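Here subunit A shows up in two complexes: once beside subunit B, once beside subunit C.
This part shows the complex of A and B:
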């Protein structure tokens, strides 16, 4: 929509504006790790970093989220009746989110908010009340492969604003009315600034040297991939832990439970993960994904076959590389997908 | 390191080509720096992929559990101790196992190396005899290997394998100069409230991915207590009580069994220091029962055995 300039010495004033009626969060360095935290000044936030170790999905899909509460008393007229939890009471801004993570939210929108019936109000409420200000990646990691799964280090999908660091200032581009409003007081860019941002984008894309190919996966049938021999080897070292799932910006499976303590009761949803046998365990004792191989296969098939088939070709992976970095046994999604595509 | 790796490959090729084992379980080079991974070689050709480096941090004993057939395992001190544990706990049979033993040089903690270069990406780490050459985008630095050892390797008491069918290289020295009691000691000075605060701080970043449990060769229960669903014993949320219940109970289940191999800390995506708990348990078992787990086939684990003269002072 519009291209503006945000000088680095004007950042604090810009952030003050953001904080006025909203909660502002950004990646910060804490105990040697990059994580998300509330900020009010530019100095608290990180402006040069690769990405947060865990994805920021918990802003919209917390690991533990209370959905409803109830009074745990049978026979009481008010007992056992679910009461809605209050919605988010203050709008939020996520500053310096990476384009891959913003793209992930757009993928998750397609899953949490599909139609009238499949319309997750917990996800939607927080999404509608949150503004995303992205920071373009000028220096992608060797584990990044976003350009091969439909994202980009300077990608704009899912963002209200994208900031590109061109030295002593940032080019700020808006894509939504919300973003446009945030930038309206800022000065216009020059052609030179835009040219510089464009050059940085090309350079960042060139730095992404690894990737996945999915053409043959798209052409294959589900059963061909499902029965492919590769799963016997992929699953060998897998621990069936939740690391890949929990650090992933697009993994979104959950489990809903009712918890009670005395008269207090709540319905809570927690992240769950396909690597866990319990995730698919039926009350009957039957488990449709009873072996480690079934569970390992599920994660890759879900992202690279089932989601594309059901969501118009959209891939359920944004190439952030977190699972590559954090898997305790180095199961590298790039290798697995390229083997699927062989 | 490369000379040792070559000998591992030769041993594996020989075992596989002679049909002595069905598989050799060792380490292969990871796709990212400082992350070798458990590798299963079924043929002499696949044995070419085996490696040995400062980053062989997974405990391979894990993969022998409930695995049919005859297998060879590359085993440094701690892995061999866990194999002995599994034999003593009747989980594997000695005759199905071929131990390719070797002295551990002590493994390097990738988080300690990364901490030297905050915010920077390490792209390559090259092994030198006493050093590591760390390369990244726009930097290169040679660091002294022994200063970056995992904390459990620093306090290791058993670098040589306790059982082996074949020794790769020479038996080497024991120890790296650290004392595990110094890890446990801080707990003992704390009053309960302080101790609880310390535990809260230690586990505050836990995301309950269970990588620590799933990487651990002691955790072979068919159903872990946190996965019990009928009835459910431990709730699933991020409430502190549930997170702490998991870690505390898991630690107790490992009492008298933990070999301090450090695979839990190496696996943790959040860098949580589980050894703050397990070191105290190791110390108690050693001091109360004079027992170190996994040192000898046939030894009886103190937590499985009652003796009339067992220490009972702690029962109040």
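This part shows the complex of A and C:
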């Protein structure tokens, strides 16, 4: 919508504006790792980093989230009746989110909000109250492959604003009314600034040298991929540890559990993972995904076949490369997908 | 905007022990609020999450038919912590119902056709709903012959005996109820469901079949239908898988790209042949 300039010596003033009546979060360095934390000044936030170790999905889909509460007394007029938790009381801004993560949340929007019944108000409330200010990747990692799964180091999908670091200043581009309002006071960009941002984008894209191809996956039937011999090999090294699912920005499986303490009761949802044997086990003991192979296959098939089939070709992966970095047995999603596509 | 995770509060109106092993109990549930009862618009074949605060939720097929009024009937096997807790609850206790969830049997599409229903064990629940719906004076005229084949291990394991006896006596449907072995006091059919189905030999012309039962029954019933000339798209089945959200998000009940909770639980045999057997 508009292109503005944010000088680096004006960052603190900009951030002050952001946190006036909102909670502001950004990637920070903590114990040698990049994680998300509340910030109020530019110095607290990171401006040069690859990406946070875990995705910021926790802001919309917390690892543990109370959904509803009840009075744990049978016979009380209000007893045992579930009451929804209140909505988020303050809007939020996520600053310096990477374009891949922003894109991931747009994919998740299609899953959490589909129609009147599949309308996850917990997800939706936090999404609607959060502004995303992205920071373009000028220096992608060797594990990044976003350009081959529909994202981009300078991608704008799902963002309100994208910042591009061009040296002593940032080019700020807005894509929504919310983003536009934030940039209102900033000076206009020059043609030279825009040219520089464009060159940085091309350079960043050129640095992404690995990737996946999905053309044959798209053309194949579910059963052809399901019965492909590669799963026997992929499953051998997998430990079913679930690390890939926890760091993944699009993994969204969850469990719902009840908790009580005296008269207080609540229903919470927790991240769950398809690598778990219990995940699909029936009360009878029958387990439709009872083997490790079934579970390993499920994760890749879900992201690269099932989601595309159901969501108009959208892939359930944004190429952030976290699972490649963190897998303890070096399973590389790029290799698995390229084998699926063979 | 309705939060579809919050159950409607209901009270247990009546509890009935259904089977001689006491593992199956039926619960009639009454909505506490009239507007909730009105919002709960369901069709035969759909299910709901039964919610017991402090224990959790279980997905259970709705055994009542909307033609029977506002109260809901569920017949529950005692298996895990939620169903065990439910078995210990009594009339007047407060619990919750979330739904209706999933798709329904294609009864609208089947107008003008003959309907064959094959049920084994306690999978008969949503087919009880279907039978009550089909036999209702408002709907009976829209369908041709109705055949109801139902089997259980013993006479004491048969559900809804009063009702299928009434259907039999009404002459509105051909009712064939069987038990696995001869039993004292049982004068009805004896034999496994696939055998009885073979004897009844339902014709595939202008018909659909709804088949629900344990995997072993389905495995041996399918060849019977194949031999009688039935096509895969005439055979309708209902799946069950472990569920949590019930609305197609939480990721565990999927069979390939299809979520049993949202895209199912009702699928045609044609659909199932193009999907992994993860159920």
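Operating definition for what follows: the second predicted complex is superposed on the first by the 342 of 342 C-alpha atoms of A that agree within 3 Å, B and C clash if a C-alpha of one lies under 4 Å from a C-alpha of the other, contacts with A are read in each partner's own complex, and residues count from 1 in each chain.
Quick note on the criterion: contacts are C-beta pairs under 8 Å (C-beta built on N, C-alpha and C of every residue); 3 or more make two chains touch, one makes a residue touch a chain.
Values in this document were obtained by computation on a predicted structure and should not be read as measured data.
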Three-chain arrangement built on subunit A, subunit B and subunit C clash or fit: fit
Touching partner for A:332 - first (subunit B), second (subunit C), both, neither: first
Touched partner set for A:281, first subunit B, second subunit C, both or neither: both
Touching partner for A:72 - first (subunit B), second (subunit C), both, neither: second
Which of subunit B and subunit C A:80 touches, first, second, both or neither: second
Touching partner for A:221 - first (subunit B), second (subunit C), both, neither: second
Vertex subunit A, arms to subunit B and subunit C (CA centres, degrees, nearest 10): 90
Subunit B versus subunit C as contact partner of A:257, first or second or both or neither: both
Partner chain(s) touched by A:47 [first = subunit B, second = subunit C, both, neither]: neither
Superposition-derived minimum Cα distance between subunit C and subunit B (Å): 6
Common ground on subunit A, meaning residues reached by subunit C in one complex and by subunit B in the other: 255, 257, 272, 281
Partner subunit C, residues of subunit A touching it in the complex: 67-68, 70, 72, 74, 79-84, 111-112, 114, 116-122, 221-223, 226, 252-258, 260, 265, 267, 272, 274, 279-284, 288-289, 294, 298, 301-302, 305-307, 309-310
Complex contact set, residues of subunit A against subunit B: 29, 32-34, 46, 48-50, 53-54, 63-64, 139, 141-143, 233, 236-237, 239-243, 245-247, 255, 257, 259, 268, 270, 272-273, 276-278, 281, 324-326, 328-332, 334-335
Residue ranges of subunit C touching subunit A (in the complex, touch as defined): 1-7, 9, 32, 51, 53-57, 79-80, 83, 93-96, 101, 240-242, 244-245, 247-257, 262, 274-279
Complex contact set, residues of subunit B against subunit A: 30-32, 35-40, 58, 62-63, 111, 114-115, 118-119, 121, 123, 137, 207-211, 213-215, 227, 229, 235-239, 266-271
